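Supplied in structure tokens, the structure appears directly below.
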Amino acid sequence: MTRGKPSAGEPEASEAVSYLEAIRQALWEEMERDEAVFCLGEDIGAYGGAFQITKGFVERFGAERCLDTPISESCIVGVAVGASLLGFRPVAEMQFGDFISMAFDQVVNQAATLRYRYGGRESVPIVIRCPAGAGVHGGLYHSQDTEAWFVHRPGLKVVYPATPFDAKGLLKAAIRDPNPVLYFEHKGLYRRAKGPVGDAETLVPLGKAEVKRPGEDIALITYGPMVPRSLAAAEKAAEEGIEVEVLDLRTLAPMDRDAIIASVRKTSKVLIVHEAQRTLGVGAEVAALIAEEAFEDLDGPVVRITWPDVHMAPFSPPLEEYCLPNEERILAALKKLAAY
Amino acid sequence: MSIKVLMPHMGESVVEGKILRWLKREGETVQRDETIAEVETDKADVEIPAPRAGVLAKILAGEGATVEVGAEIAVIEEEARAAAKPVEARPAGAEREAEEEVEEAGVGPARHGEGRQKITPVVAKLMERHGLGIEELRAVEGTGLGGRVTKQDLLTYLDRRGEAGTAAPAPPRAEPARRPAPAREREVEGAEALEEAIEEIPLKGLRKAIAEHMVLSKRTAPHVTTVAEVDMTTLVEFRTRHKARFQAEEGVPLTFMPFIVRAVAEALKAFPHLNASLEGEKILLRRHYHIGVAVATEAGLVVPVIRHADRLSIRELAKALHRVGEGARARKLAPKELEGGTFTITNPGVFGGILSTPIIHQPQAAILGVQAIRKLPVVRDDQIVIRSMMYLCLSYDHRIVDGATSVQFLQEVRRHLEDPLGMLI
Amino acid sequence: MPKKLRLSDDDLLKMHYFLRLSRAFEERLSVLHRQGKIIGGIYSGIGQEAITVGACYGLRREDFICPLHRDLGAFLVKGVPPRVLMAQVFGKGTGLSKGKDSYLHAGDSRLGIFGNTSMLGANLPVACGLAYGFKLRRQDHAVIAFFGEGAANVGDVHEAMNFAAVHKLAVVFVCENNLYAYSTSFEQAFAVPEVSVRAQAYGFPGVDVYGNDLLRVHGVMQDAIARARRGEGPTLVECKTFRWHGHSEHDKASYRTEEELIEWKSRDPIPLFERYLTEKGLLTDEVQRRLTERIEQEIDEAVAFAEESPWPEGPEALEDIYAPAEAEAAGDQG
């Protein structure tokens, strides 16, 4: 099968591409592979999407499979649900993940409960892409990480890749998954994260975390934008003799409990890092899980480094910088925990 | 860059503080604003936050040390030196020498300090799994915080033990030397000893401060006390009528104190020498009215100050009095709330006292003792009637204030209290 | 019947059967509820049967209906066996939800039925999704989306109508205006005289029809469905009617007058249609008697089935959250 693509040249599977390009590739390949896959969202058609992810899609797949919608987030998700009942695999886009609040009912009541209320006879194979995250001067409504809301809701799967490889592999897997999947993509990583990606049949399975860096002394459990920052902090910590294991959760629901427990058993000290707010963030669930199932393996308190309990994100740069968990804070926490 | 940590100023009359305990050890990383020590002063226990983030490089005053305000108590290094593993940072000097000596003697290192006692879940699990008891744990070298035995320490020890073949029996821990026994434990023969038992209480903290201050005050100011008698009937009736509603609306009780503070503030405006202090050869008349109100606490008398008391309404005074009262009893007042008073009111009447000769709170000019309100028969218009009567006892510094002024001041206070509506104008 | 309708005698009798079956089913639910044999919310559509039967009769299996809580009859017309529907209401494992949700919150895509949540109006965007899917496949199937006049003011309804209009989707929006949304009267919730006028604002036709006249409703619906199949886009069909019972079985409906109820009861859609059938010679006493017997039997059987069906087991509450990945799901229907 030929793969016509709008960008110049076709990258080899091992060539480094950006996180944004990885998402684009995944979407393109899945739409080529399966006619049932189509996209819908605001400005994704001729304009190519607010982040230019779907540039060239209309020319290749037609306006019906790369559908420009009116500004109607709730309808976007509802339409995706309806179409999926006929066997389609819609990929709905929230232009900014923050706007998912407008579609909240369709996500948490319509999509999330359908299989359950149908007695398990049917499911909703939709993907909702949410460009998310702070550090981009987005203010209060273009910077949110709302994954925790949906991790808490049964019936939804939630993923948040950190690397181009995972971004591509997870999106493909999410599209092929028969359940509703919320796919969080970090805006700051779009162009900053570069790396190799897999080929058209390389999937990253949902529900599986990955050790991005092995270590003996501390398990640093994280996901999304905090993965590169954690890796950088881990390198600095290594210079001081602290070997940090960085575990990238990748999927937040269902969470890879086995991988978490394994890293905790190995190191006995845990630092959890995420960009989203502290209270009832994903880290709280990880910490509770560890306290409950790995209590006897702990050699120190379970610590979290997160955004404070304020909105994501205050607009003025010094305010946002103050809130954003950075390499320095992570490193300081690693050192303190190592000394315990 | 080295940052000095100083013993902070905690009230104008406070000149020193005692380090109660250090929450961090030398070599530990501290965050900015993180509490690193607890200090006791005459007025309150205070937490010392780190002025900057960094490493607590040196502790200059240990636990129990009394240090002058403003003196250095520790040093923080702002950038953590990338040296050996932080876990290897130890309390400096003597302790390490002692360990080495003991090690040479072939006995396991004896260590003190609370970190030693912490056994984390994983360490407990390993101990159980390898049949290692508490006694043997003492033989394990601890590299964690405060000498704690970490998982790695234990694993290292177990490796070595496995190599050595036998477990070394742990030596009994040296008992810390006991302090000389207090008097009551000295051996005295016979029942006589019990009848003449003496309980010793060391003079320290707030008690000591009060003792010293009282002597100083009496030595400095020639005290004279003058008494006025106030008919509080109007106020008593007013309060009875309004106190339930007030409590419901404001959530704090309505006492007589707000009215007294108000009356005093007004009277001080008319008689500024009562709101003054003597400094060297100058009398300083203060035109601001920061009224201290003495609160009895378990540890002794504390005097929180209500700033600009003349600007507060009765409601506001009632709430402020309640707040500082609670704060004082809980020993949670900030140093700023205990200093800067220009006049003090004390209330022995609350315990039933009818007359007193209070001691002036230096460097003020006077102090007013408010006594108990009692129903007494008095003569009005040649009739004997029952009125609620209260004495006001004013001690004043006769260097600054004359008798006539003091009496007139008291009469002004009395006038306000007997005609409270007049204070509204 | 309207000239253009092509309904055989058999069709007419079948429609009559569904009218009577719906009525009997819901009357029985009311009794069972008052006997304490069924629990939860029961939202009676008694008095409104002409709409569900008129709208749903004659649809293809592939056409989808998106009913709401008061459209029980639609489930029967579209092919859900009465016993399964009764088990669903009872909360038994043999119902559509296997006990996981109540009343009409489950559907069956094989029968072309979408079961909504309790969020009124949330079914309309889904209806658009179904219709969009038909469009992508170039199929001329239709989607009937039901909502009450109360739900007409929900945001999702606006988004869906606009979307359907823009893409000319094959959706027929059926508004059952029974004049009261729980206790809120039409006048309290609308600044326009009718719901159907709103269609104009989106760019498609809005039609008003007397909802208790089965053949009228059916005629209007057939027109709208034909329009939809031809790719001409959506229609809003507003059917005026009245519910005899309260909003739910718990509601005494004190916000309505006795007079209103009497007036509308006198317009009972079933006798209205039966007069027509009688005039045509299709409905004799004998036919009616046999039909009554048949329906009683079916309802009795449905109740017996539901009563005898097992309850789901406690741990089943933990099942059916996620669909397994496709390799494992080979045996799964759906």
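By written order: A, B and C. Residues from 1 in each chain.
Just so we're on the same page, contacts are C-beta pairs under 8 Å (C-beta built on N, C-alpha and C of every residue); 3 or more make two chains touch, one makes a residue touch a chain.
Here the structure is a predicted model, which means the values were calculated and not measured.
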Just say which it is for the chain contacts: an open line, a closed ring, a star, complete, or other.
line
Taking contacts as defined above, which has more of them, A-C or A-B?
A-C
Approximately how many whole Å separate the CA-defined centres of chain B and chain C?
75
Could you please state the distance in Å, as a whole number, between where the Cα atoms of chain A are centred and where those of chain C are centred?
40
Give, as an integer number of Å, the spacing between the C-alpha centres of chain B and chain A.
52
Considering only the defined contacts, which chain C positions touch chain A in the complex?
95-101, 105-109, 114-119, 122, 124-137, 155-156, 159-160, 162-163, 166, 319-326, 329, 333-334
Quick one: in the complex, what on chain B touches chain A?
28-29, 31, 53, 80, 82, 84-87, 89, 120-125, 144-145, 148, 150-151
In the complex, chain A residues that touch chain C:
38, 64-65, 69-70, 72, 74-75, 77-88, 90, 105-106, 109-110, 113, 115-123, 125, 154-155, 157, 176-179, 254
Partner chain B, residues of chain A touching it in the complex
239-242, 268, 295-300, 332, 335-336, 338-340
